Amino acid sequence: MVKPQQTLNQQLLRYGLYAILALAALVYLLPLWVMLLTSLKDVEEIRTGTLLSLPASINFDAWGKAWSGACTGSTCEGIAPFFGNSFQIVIPAVLISTLVGSLNGYVLSLWKFRGSEILFGAMLVGCFIPFQVILLPMARMLATLGLANTTTGLVAVHVTYGIAFTTLFFRNFYVGLPKELIAAARLDGAGFFFIFRRVVLPLSTPIIVVCVIWQFTQIWNDFLFGVVFSGADTQPVTVALNNLVNTSFGGKEYNVDMAAALMAALPTLLVYVLAGKYFVRGLTAGAVKG
Amino acid sequence: MASLTIDNVTKAYGQTQVLKGINIAIEKGEFLILVGPSGCGKSTLMNSIAGLEDVSGGRILIGDADITEAAPKDRDIAMVFQSYALYPNMSVRENIAFGLEIRKVPRPEREKEVQRVASLLQIEPLLDRKPGQLSGGQRQRVAMGRALARRPKLYLFDEPLSNLDAKLRVEMRTEIKKLHQRLGTTIVYVTHDQIEAMTLADRIAVMRGGELLQLATPQEIYDNPVNQFVAGFMGSPAMNFVPCTLVASDTGLGVEITDGEGNPCWLPVPNPERLGAYAGKKVVLGLRPEMVTDPVPHKADDAMVRHVPMKVLVTEPTGADTMLVSEVNGVEINCRINPGYSTPVGQVVPLMFDMSKVVFFDPATEARIDRA
Amino acid sequence: MASLTIDNVTKAYGQTQVLKGINIAIEKGEFLILVGPSGCGKSTLMNSIAGLEDVSGGRILIGDADITEAAPKDRDIAMVFQSYALYPNMSVRENIAFGLEIRKVPRPEREKEVQRVASLLQIEPLLDRKPGQLSGGQRQRVAMGRALARRPKLYLFDEPLSNLDAKLRVEMRTEIKKLHQRLGTTIVYVTHDQIEAMTLADRIAVMRGGELLQLATPQEIYDNPVNQFVAGFMGSPAMNFVPCTLVASDTGLGVEITDGEGNPCWLPVPNPERLGAYAGKKVVLGLRPEMVTDPVPHKADDAMVRHVPMKVLVTEPTGADTMLVSEVNGVEINCRINPGYSTPVGQVVPLMFDMSKVVFFDPATEARIDRA
Amino acid sequence: GEVEVLHYWTSGGEAAAVNVLKQQMEAAGHTWTDFAVAGGGGESAMTVLKSRAVSGNPPSAAQIKGLDIQEWGELGFLSSLDDVAAAGEWDSLLPAVVSDVMKYDGHYVAVPVNVHRVNWLWANPEVFRKAGAEIPTTWEQMIEVGPKLKAAGIIPLAHGGQAWQDATTFEAIALAEGADFYRKAFVEHDEATLQGETMIKVLSTFKQLRELIDADSSGRDWNVATSMVINGQAAMQIMGDWAKGEFTAAGKTPGTDYVCMPAPGTADMFTFNIDSLAMFTQSEDNRQQAQHELAKMVMEPKFQETFNLNKGSIPARQGMDRTPFDACALASMDDFTQSAEKNSLVPSMAHGMSTSSRVQGAIYDVVTNYFNSSDITAEQAAEKLARAVNASL
Amino acid sequence: MPETGTVRPVTLRLQDRLAAQLPKLVLAPTVIVTLVAVYGYMIWTGLLSLTSSRILPVWKFIGTEQYGKLLENDRWGVAVENLIIFGGLFILICLVLGVLMAILLDQKIRAEGALRTIYLYPMAISFIVTGTAWKWLLNPGLGLQKTLRDWGFEGFTFDWLVNPDRVVYCLVIAAVWQSSGFVMALFLAGLRGADQEMIKAAQLDGASMPMIYRRIILPSLKPVFFSAFVILSHIAIKSFDLVAALTGGGPGYASDLPATFMYQHAFTRGQMGLGAASAMLMLGGVLAILVPYLYSELRSKKNG
């Protein structure tokens, strides 16, 4: 990683490396492959054919149906109408939880005070609380706050239970930053938020990426909160997906299920691809001596 | 500018006592140099003044205001960190301008100030680089630049020139001196460079192991150290310490040494009246290298000067002078010789002992015994 | 130990040419000191030797083996980084022992070696601390310790003593010298300390802007610099450069200056035969501070010595000497005066010019013009 | 007013049927808010319902079955439909077994949508012909016919290894021991019956069926099992009448391509599974009006017909036009009335009709564990069954 | 710079005092929310576990009866045992794989972006559906076993999914597949922050790259391990979708986990009191393991 070497040995090593990575990629892709194949077959072929056999003819009907035709209740408009709800929930929730988490992490690593460590520990317990147990009290709380069955309510819930994680990520990233940086900025006259914005945040790119990946995925794919705290018209796409997939009566259309799942995953994948660019190196290079 | 009072400040990291009650009163506009061996607590003291470390005890005052509890940003102090602490994500320009930006200095003024500082520090071509793309000395200069761009009440410099070449260091030293004369800002400055300490300081504070040993003008510290540690610490090469016995002869009090030919030899003492109590006892004679030189005729008649044949053990040319190592009373001593004087190794040559400024210490307590 | 050949090595960061074809052949067991202004490429050269940076061109050989492409770990080099680069999660002990551990040195031996190095560097009480809990100088010593614990073919020291106090620095310098004498390992060493350079080096390489200017013994560099830059760079305070005109008089070639009273004054030139071509032309006279001193009687008869009345502009006592600033031909010059000599500021006092070792440069090219 | 309906009818056919209701409601000037949450027999829908109830905002109507209606009624969430029922003469339209389930404390609080028959055996006659075997009508025959089918390379019984499918099969075997035994065990939870000889026999028969099932059944969805019958991989399946949808979807006709028969030994018996909509107390008047309108419409023949044609079940409302229904459904209707007369119409344990979900869950756990592990004897299982049922009462 | 003139003792103005409390103020909303939404609800659940609640909370207290029932329940025992096996293996394998993949990806790989996305994508797809895909793949009659046998490897057997003693490893496989990519991303971010100078020093000390990772870089990523561990524990504990979609808890209830147990009892089977009790036990167990770890982790940071 420090310098590419030219020797034969190194060359071989490098081929080996690529081989391992490619093999791993294949293993990881296998289920995707199955899903993709299935989504391109028709129901009859799924019933009769084998799992890994290629579809007789490529057929995007299932995709079309999943997008705009499949029934998810009394309406049969596919999963398309639900994307909007999901975005309305996921974007503010990710932004808020990331911001709050980074501020918390900043305090807990670079502005420690007496008892801050204990607070952090106490906060972490939030990571282990089974979400099922908070459904009912939270439902009541949201109703009290007038947020029941609204996207705002869902955003609040996701932020509430996401903060522990985002705080953890940022705090554990920031403890590695040289303390002198903060000292220097404080002497330069910068206040709490100024230091955060100008010195700390610019050094956080990789962890912001990780945090966004995590939060986006968690919230986008969340079903439990989505179904329990949403109203009839604020359901996120996972609820629609669930309604497609978990239908227990009548013929199961695996091809539509798979197509819908793949489509529902596209925004998350897009986030992965876009965010990936910001896994940058050497942010603190040259900061301090020692 | 303002005066700075450090009042019985203590600091401990867990069990480790790092500052053990430091008292320093720095005048308005004074240039104080802090010296002391590595690890004695200089940086810790600086950090405490800046408010970056909480002190464990004592008070710090700027002017009459007790700032012990104030936030760093309210103290109006600029500091050059020993470890630089540059903002890695900002360019050199932004690093320097950061403090001004916070103080809402308008952009054009900021830009002018950055230019001024950069040209002073000779880093103009580097303004758009990130710290990671600089050499060690360049980074140190950026760290300087960050402080110099501001006009605080108090400057703290923690070894700000240690990684610069001699030439640049002399130039920077001059610039700092000029800055001090122009602005009259109070400055506290840590350095290990003797010349820097001697030429810049109004007063020097010598610390050891978290304690303040002596606080005085450079000349006073050099000529009149309070104890053997301070004497040995200031001056390069260091003062020679020769164990000997104070003997009273007919011409008065003096010390006896053995010369390069093995003969005893009596040397006079500058202030015999202060040493009365030690007559006949063992003392440590402090002898700076420049007090043992090649004989110069114009001093031959001085009452405090003696010529002694000494054996040359090692010679080390250092350019302007040659250091000569010889032996007195079983200890090696450094002598400072004009490079033109012939001193073949292994031979015995006459050297001139100028006793007018020698000092004496108690061998047990290492305290000065002949101080006025 | 092994010889090291740096063969036309170049290095560029993007457009920035940092090393512009460096050629140095270092003998087996030689102690080479690298000096040069901040940012001239010393650390880059060190990194290239160590294999931490790819060179853009040229070759590096240890012994007869071309190691330009070899991995750092296969080069058997130990280095002290300018920025220390300690392992933050390891204790001081582990930092020092790491290199040995990798070489599968058994634990008891490792422990012994750590103890030895720690006591040499006076960091024994710190062995169980993490680097974050050390002072600047202590960190630097740990960085040294990491290198000294090993027995590599080649040591690279990048300003290893810059953050140590003078006393410790002298001690460390001596230890390094001893180490070199005992092991005979080849050493490349960057320092900005003139004394260090002069006393440690077998040869000194002076760099500027990525180029090697002169590679010679310390004395040669000091007495016989190839150009004005080298002359001005080595020596502290730096050499004075006085613009003047070479005039031929009846006693031979000489330079004319204006003394402190405004009268012209003729000074002799040591090697007139080499300067024939410049007679009547403007030249730059290189005059080290120690060449202008208080008059000493025993040199009064020297043909190359002249007494000139000079005006005292500033005096700066530095302990062993006093620096006196005066003016010649419109430029300020530093003179090195015995502190005992009375030089009241503003007065004119006689100073002694010793012209036996002065050097001359071309005012346009800055090249030496009187070199043998 | 507005009706919000929480349900888990999300498949294409169900959705179409619900749409009929929706259109009717809208035609009557109400707004229909559809809240569909699919999954595992309504697990998720129930979770949603509970949180809505806790937050004081329950939907107008929710799809709740069986004894759970009683639980909700006990908690005081349900509103009385007696007015609507009286006007619509529900008492005469619904058999007593059905109307009992719909009432809490003597008042109608829910409307039935359909009646499923659970104890069906689905078989592929073509496969039997090939193997030279007869479709079994008793469990003994079923076990005997196994090796023959296996020899022909056919899996005798298509099964999905999920707790509710295990329980469905198990209750069918239990039913073969008589409706009284069934009631005593699964409705009255008589401890002696639960661990008695007959139960042990049922359990061993049940275990013997394992031999008829292929090794890969674990976790298999019921419809996958059905498709094994459809494409001749397997010979039979024991499953409720919803399996018919799979055959229909594959273009098969009853009688020729597949046969529907009562599960072995349960020819004139009927385990029912009724879907219903329970009505939650609404604070606003116009919402309540709409709610009552909804209850009325659910009972209308039009909805009952569409819905049941789509779902494969039979209408809960009696006396409907039989012509649109297929042979299996007609058989189901006949058996429903006959068994009611013979007192062999029993609520399905596996589908939460006979007992609360607590007891049902306890039975599931014992049954599925016994069926899937080799180290429990029928005796032990019976004992466990009695203990578990007791503990969860 | 003009002299500031009047000397005022630095009494802290309100504004200053506010500024000094800023870190605490920033943390305050989170602390409040945590107090209510974590601890408040935890207490609520604790109380609930002492009631006889069935389908909805009913505040009729019956003491610790529910806990007694729980401890007698065979299925709960299986669930706990499964969690231990599943959690342990899952966390361990994810950490190892995540670190490995991060390190390999950090070697200036040409297709880094594509590979990174491939390792991450399983997180993106809802397990409701990938569970089905895995169910097929792991099913001996449909998936890998069949495929390999069709290809001529007659003896190949892979029937863990239908084997009650092995099914928990299937959960591990699918869970690792889903989560290891994120651990990789977490470590990759950490690796990108590693000090290059330090690595150079280690190279000179003679350490090979694997050695440098093992001894220098990874130890400096201790906080990242900590984050990863917490995340993975969280995923292990709440692995609900996974079980529901992949095995439904079967065969029998051999692959049940506390999360599914709790959910089923609390919400499907109308035994909310028992569900709450199981949640409390699960939380207690998890905290009993985690608190010491958190404690040592947070303590060691203090003098870091």
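Letters A, B, C, D and E name the chains as they come in the text, with residue numbers starting at 1 for each one.
Please note the rule applied: contacts are C-beta pairs under 8 Å (C-beta built on N, C-alpha and C of every residue); 3 or more make two chains touch, one makes a residue touch a chain.
The chain list, named the UniProt way, goes like this: A = Carbohydrate ABC transporter permease; B, C = ABC transporter ATP-binding protein; E = Sugar ABC transporter permease.
Here the structure is a predicted model, which means the values were calculated and not measured.
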item: Any chain in contact with chain A as well as chain D; value: E
item: Fitted rotation between chain B and its twin chain C in degrees, CA, nearest 5; value: 180
item: By count of C-beta pairs in contact, the leading pair of chains; value: A-E
item: Distance from chain E to chain D - Cα centre to Cα centre, in angstrom; value: 38
item: Separation of chain A from chain C, taking each centre as the mean of its C-alpha atoms, in whole Å; value: 58
item: Separation of chain B from chain C, taking each centre as the mean of its C-alpha atoms, in whole Å; value: 21
item: Distance from the mean Cα position of chain D to that of chain C, given in whole angstrom; value: 95
item: Residues of chain C touching at least two other chains; value: 51-52, 71, 82-83, 86, 133, 136
item: Junction residues of chain E - those touching two or more other chains; value: 19, 56-57, 142, 195, 200, 203, 220, 267, 303-304
item: Residues of chain A engaged with two or more neighbouring chains; value: 2, 136, 138, 191, 223-224, 242, 245-246, 282-285, 289-290
item: Listing of all chain pairs that touch each other, if any do; value: A-B, A-C, A-D, A-E, B-C, B-E, C-E, D-E
item: Contacting residues of chain D [partner chain E, same complex]; value: 40, 43, 46-47, 50, 53-54, 68, 71-72, 75, 161-163, 214-220, 356-358, 360-361, 365, 368-373, 384, 391-392
item: Complex interface listing, chain A residues touching chain C; value: 2-3, 5-7, 289-290
item: Parts of chain C lying in touch with chain E, wherever the complex brings them together; value: 47, 50-52, 71-73, 75-79, 81, 83, 85-90, 98-99, 102-103, 130, 132-133, 146, 150
item: In the complex with chain C, residue positions of chain B that touch it; value: 13, 35-39, 42-44, 82-83, 133-138, 140-141, 158-159, 162-170, 192-195, 198-199, 218-219, 222, 232-238, 288-290, 296-298, 316-321, 336
item: Contact set on chain A toward chain E in their complex; value: 1-2, 4, 14, 17-18, 20-21, 24-25, 27-32, 34-35, 38, 50-52, 100, 103-104, 106-108, 111, 113, 116-117, 119-134, 136-138, 141, 160-161, 163-165, 167-169, 171-173, 175-176, 191-193, 206-207, 209-210, 213-214, 217, 220-221, 223-224, 238, 241-242, 245-246, 254, 257-258, 260-262, 264-265, 268-269, 272-273, 276-277, 279-285
